[in-house]
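Listed below are the structures to be examined.
You will see subunit A twice below: alongside subunit B first, and alongside subunit C after that.
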Partner chain A sequence: MYINAAIAISPQDTFLKDQIADEVIEHNGIMKTILPDFKEYFKPIDLRRMSRIIKSGTTTALECLKEAGIEKPDAIITGTGLGCLEDTESFLNKMIDNNEGLLTPTAFIQSTHNTIGGHVALTVQCNEYNVAYVHKTISFETALLDAVLMLGEGKAENILVGGIDEMTQENYELKKRVNLWKKEPFSNLNTYKSDSEGCIPGEGATFFNVTKTRKANSYAEIKMVELVHKYENIDDFKKLIENRINNSGITINDIDLVLFGYNGDDNGDAYYDLLKDSIFSKSGHAYYKHLCGEYDTAPAFALWLAVKIFKTGKAPDNIFIKKPEGEIKNILIYNQDINKNHAFMLLSK
Partner chain B sequence: MEELIPKLKQQIIEQLNLEDMTPDDIDEKAPLFNEGLGLDSIDALELIVLLEREYGIKMENPQDGKKVFYSVETLAQFILENKK
Partner chain C sequence: MQFDKDKKVFVTGIGIISAIGTNAKETLSSLEHKKHGISQISHIKTIHKDELKVGEIKLTNAEIKERLNLQGDNTYPRTTLLAIHAAKEAYEDAGLKRNDGFKTGVILGTTVGGMDKSEVVYKNIGEDLSFIDSHHCGYTTERVADFLGAHDFVSSLSTACSSGVNAILLGARLIKHGILDRAIVGGTDALSKFTINGFRTLMILHTEHSCPFDKNRKGLNLGEGAGIIVLESEKSLNGKKVYCELTGYANNNDAFHQTASSPDGLGPYLSMKNALEMSGLKPCEIDYINVHGTGTDNNDVTEGLAMIKLFDGKVPKFSSTKAFTGHALGGAGGIESVFSILAIEHDMIFPNLNFKEAIPEINLIPVTETIKNAGVKNVMTNSFGFGGNDSTLIFSKV
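On to the complex of A and B.
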């Protein structure tokens, strides 16, 4: 499967850009996305019903189709951990405020997990396969896996795949109570250096166009998408991952760079160290959550970053833990959630 | 009526999230749906909720909707006639 277009709205200046700036944009607290002017994309009468995530998701999807030179995809597959949270909160709060009566329809209609997939389909008049995967931290990888299977079975020629999540103030405050976040102030620039519990919340909207065959504008080939719920024995897990990579057409020694999902939480980051310092010790090492924060579909941002490394032939210095020698031809993206939902995406140039 | 119309315009702007609009931008005699403001069926539901919540008025007869929601002026007239 090949990636022909990649567009991201993130807490960095990434929209319609080909690379991260050398100077990382610093955030303290929630890493909010940097938004384009949506008035260029939607009429005011349409914009008024669209929350931040709907505007971001739909815009990235439309720009992705534009970059791929496709008017209408054969399928739209999205992944999201929490869906359109702002509208969900708005609807639920109104239920409480109005004692479960006098509820308005707009927030309810827009609060589903497939709202963005639906918006994109309506915008480009696509009546084909349209599915949203809501699988917590493997939501995006599951959507991507579905695309791999669909293309493999010949059920589609080109697919739009995306990962979208938003962080609201209310969600932030709720999870703060269970110490999920770093104590403020905490800069995203210190993510990898952190030696404490908790991470930095982020958000983002990222879309890709994928096809079964290589096109003139293909940037990367997805060689493997592998999901492991959890493991009991680290040695068995290492063997499993090594076997899967070796079955993908390249060997583990061919991986030039591993992009880890280090998020600054000691509890979870230790699990990355176990593979970084063993089966991936010979590869270059990098991380990305200081750029986008932690959210369920953050690996979609990592995939965008990897695709752009292939497209430009350059990688920003700020991502490296250990810089690889020579050209980067194979990148492995690894994300997990404290020994749950281990997800690997292997890409080749 | 003179006091109600600007108040109603502001409530419509807030309820329907009409970004960048002020009460002065809305012509009280212009149609609310299709032409004029260009509202749709979801907006009609929002306006029904607004009527009940702010003025305690329930739309008993759906057939009246077309006449009542024709413009801000007809809506204001309906409120004055039915407000509890």
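On to the complex of A and C.
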């Protein structure tokens, strides 16, 4: 499976860009996305009615199709952890505050997890396969795996795959109480310097166009998407991952760079070390969540970053834990959620 | 990983809990004897209590927990409890055992995840903050996977009211790709104040008992429940009882409106057509369609038009069973898949309750009395949802 287009709206200046600037944009508290001017993408009524996530998701999806030179994909597959959170909260709050009175349907209609996939289908008039995966931190990787399956079935030639999540002030305050986020507003520039619980919340909308066959504009080949819900024995887990990589067409020693999902949370980061210092010890090491923050579909941002490293042949220095020597040809993206939902995406230039 | 399109996918276990029964046996008896489960709301504190009718499961959360021996745990939303209840039945029905060497996964669909619990504690947060975790749609799937010890693939999806069917569809595909030998799949949703009020703002809730496919239909009754089935490849069967084979599936998008169907039902037509093509069956070989049939103005006409187009006017026997259960949203596709499997297993077609007069635009008459010895070999079931999501499954007698 080949990636031909990648568009991201993120907390960095990434929309329609090919690279991350060397200077990281600083955020304190929620790492909010830097939004383009949506006026050229939506009618005034939709601009007013639609939430940030719907506008961001739809815009990245449409630009992605444009970059790939495709009018209508053969399938639209999305991943989102909490879906359209702002609309969900809006309807929930009004319902509780007004004691179920004076409610209007817009927020309810737009609250479903498949709103963006449905809206993109509607916009480009795509009647084909359309699904939204909603399994926490593997929502995007399940969507990407579905695309691999679908191309393998010969049912599609080109697919739009995306990961979309938004963070709200309300959710931020709520999750602070269970130590999911850092207690105090914390700069993303210090993401990995903390020795405390919690991480820095982020958000983003990222879409890719993937095809079965290699095109002139293909940047990367997806060699493997592997999901491991949980493991009992770390040695068996290492063996399993090593075997899967070795069966993908390259060997574990060919991996030039591993992009780890380190997020500064003491509870989770140690589980990355277990693989970093063992089966991946010979590869280069990098992290990326200081750029996008932590959110369920953050691995989609990592994939965007990897694709852009291939496309431009350059990587920003701020991502490296251990910079590899020579050209980066194979990148592995590894994300997990406090030792659950381990997800691997392996791609080659 | 090698896709084998000819690899057969069998149903070996079924589990169901809805307003008409807490297991497959009770459910079949209710369907056969036209015993519906529509009543007033009793578990949810809502100001709409007296003006709406719903398909509610009368067991309280505490009672469900007791049945599942989960007394010590107070954190599960009802959506999760219903799923575990149905999954346990399906798992035992299929005679599965933990760690038997076959790759077993769990994939579930839901619309609002743990909302039934979140909405109660949201503005009244005390010490129990567990709803933050249980709100996620993936939470239920993980609890079911843990309960059954099935961890080889665990994921969740949400395509609104077609979620349950799409979970079954993914399970079948993972088996055909050899990623799993066996998939525990389906849908679950509990009634919630959030969805009751949401559907109410759309003005598609009937205040009385719904009457799908009737000229005077006035909307749907919401419902709740879970329908979960075990899919297996030939490899893990070992001579065990097989209910039927999943011979066709399709997912298409109507691409018309977030909540309304296109005037001619293009999405429903495509999903039925593609599922039929995949099954290799002729249109006349479909013996029964368990339609989506919500009882809303829009759905029943467009689904009817799509059936007329696909079957060239010769629409097979069909019924909506939503007047029995209410519309259980993400649970509906799982529940109605179990109904379809029961139709094949017991050679029976279930009635469409409350039908009096055909809708003039389509002039289609559903089955209104239980038909026994109906010669049911192939059953089609539809589930359509917000976002234009239309999905169809076909189950066939082996």
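To be clear about the criterion, the second predicted complex is superposed on the first by the 348 of 349 C-alpha atoms of A that agree within 3 Å, B and C clash if a C-alpha of one lies under 4 Å from a C-alpha of the other, contacts with A are read in each partner's own complex, and residues count from 1 in each chain.
Assume contacts are C-beta pairs under 8 Å (C-beta built on N, C-alpha and C of every residue); 3 or more make two chains touch, one makes a residue touch a chain.
Only a predicted model underlies this, so the values are computations on that prediction, with no experimental measurement involved.
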Inset, instruction - Could you say whether A:His119 touches subunit B, subunit C, both of them, or neither, answering first, second, both or neither? - result: second
Inset, instruction - May I ask you to decide whether A:Ala21 touches subunit B, subunit C, both, or neither, giving the answer as first, second, both or neither? - result: neither
Inset, instruction - In the three-chain superposition, say which chain, subunit B or subunit C, touches more residues of subunit A. - result: C
Inset, instruction - Identify the partner contact of A:Ala132: answer first if only subunit B is touched, second if only subunit C is, both if each is, neither if none is. - result: second
Legend entry - First, second, both or neither for A:Arg49, with subunit B first and subunit C second: first
Inset, instruction - For A:Leu149, select first, second, both or neither according to whether it touches subunit B, subunit C, the two together, or no partner. - result: second
Inset, instruction - Would you check which partner chain A:Asn99 touches, where first means subunit B only, second means subunit C only, and both and neither mean what they say? - result: second
Inset, instruction - Pick out the shared contact residues on subunit A: the ones touching subunit B in one complex and subunit C in the other. - result: 103-105, 109
Legend entry - subunit B residues within the subunit A interface of the complex: 15-20, 38, 42, 45-46, 49, 52-53
Legend entry - List of subunit A residues in touch with subunit C within their complex: 76, 81-83, 91-92, 95-97, 99-101, 103-105, 108-115, 117-119, 121-122, 125-136, 138-139, 142, 146, 149, 152-153, 174-175, 177-178, 180, 227, 229-230, 340-341
Legend entry - subunit B contact footprint on subunit A (complex, rising order): 44-45, 47-49, 98, 102-106, 109
Inset, instruction - Please name which positions on subunit C make contact with subunit A in the complex. - result: 1, 3, 5, 46-48, 110-111, 113, 118-119, 122-123, 125, 129, 132-133, 135-138, 141-142, 145, 151-160, 166, 170, 173-174, 176-177, 193-194, 197-198, 200-202, 251-259, 266-267, 270, 385-389
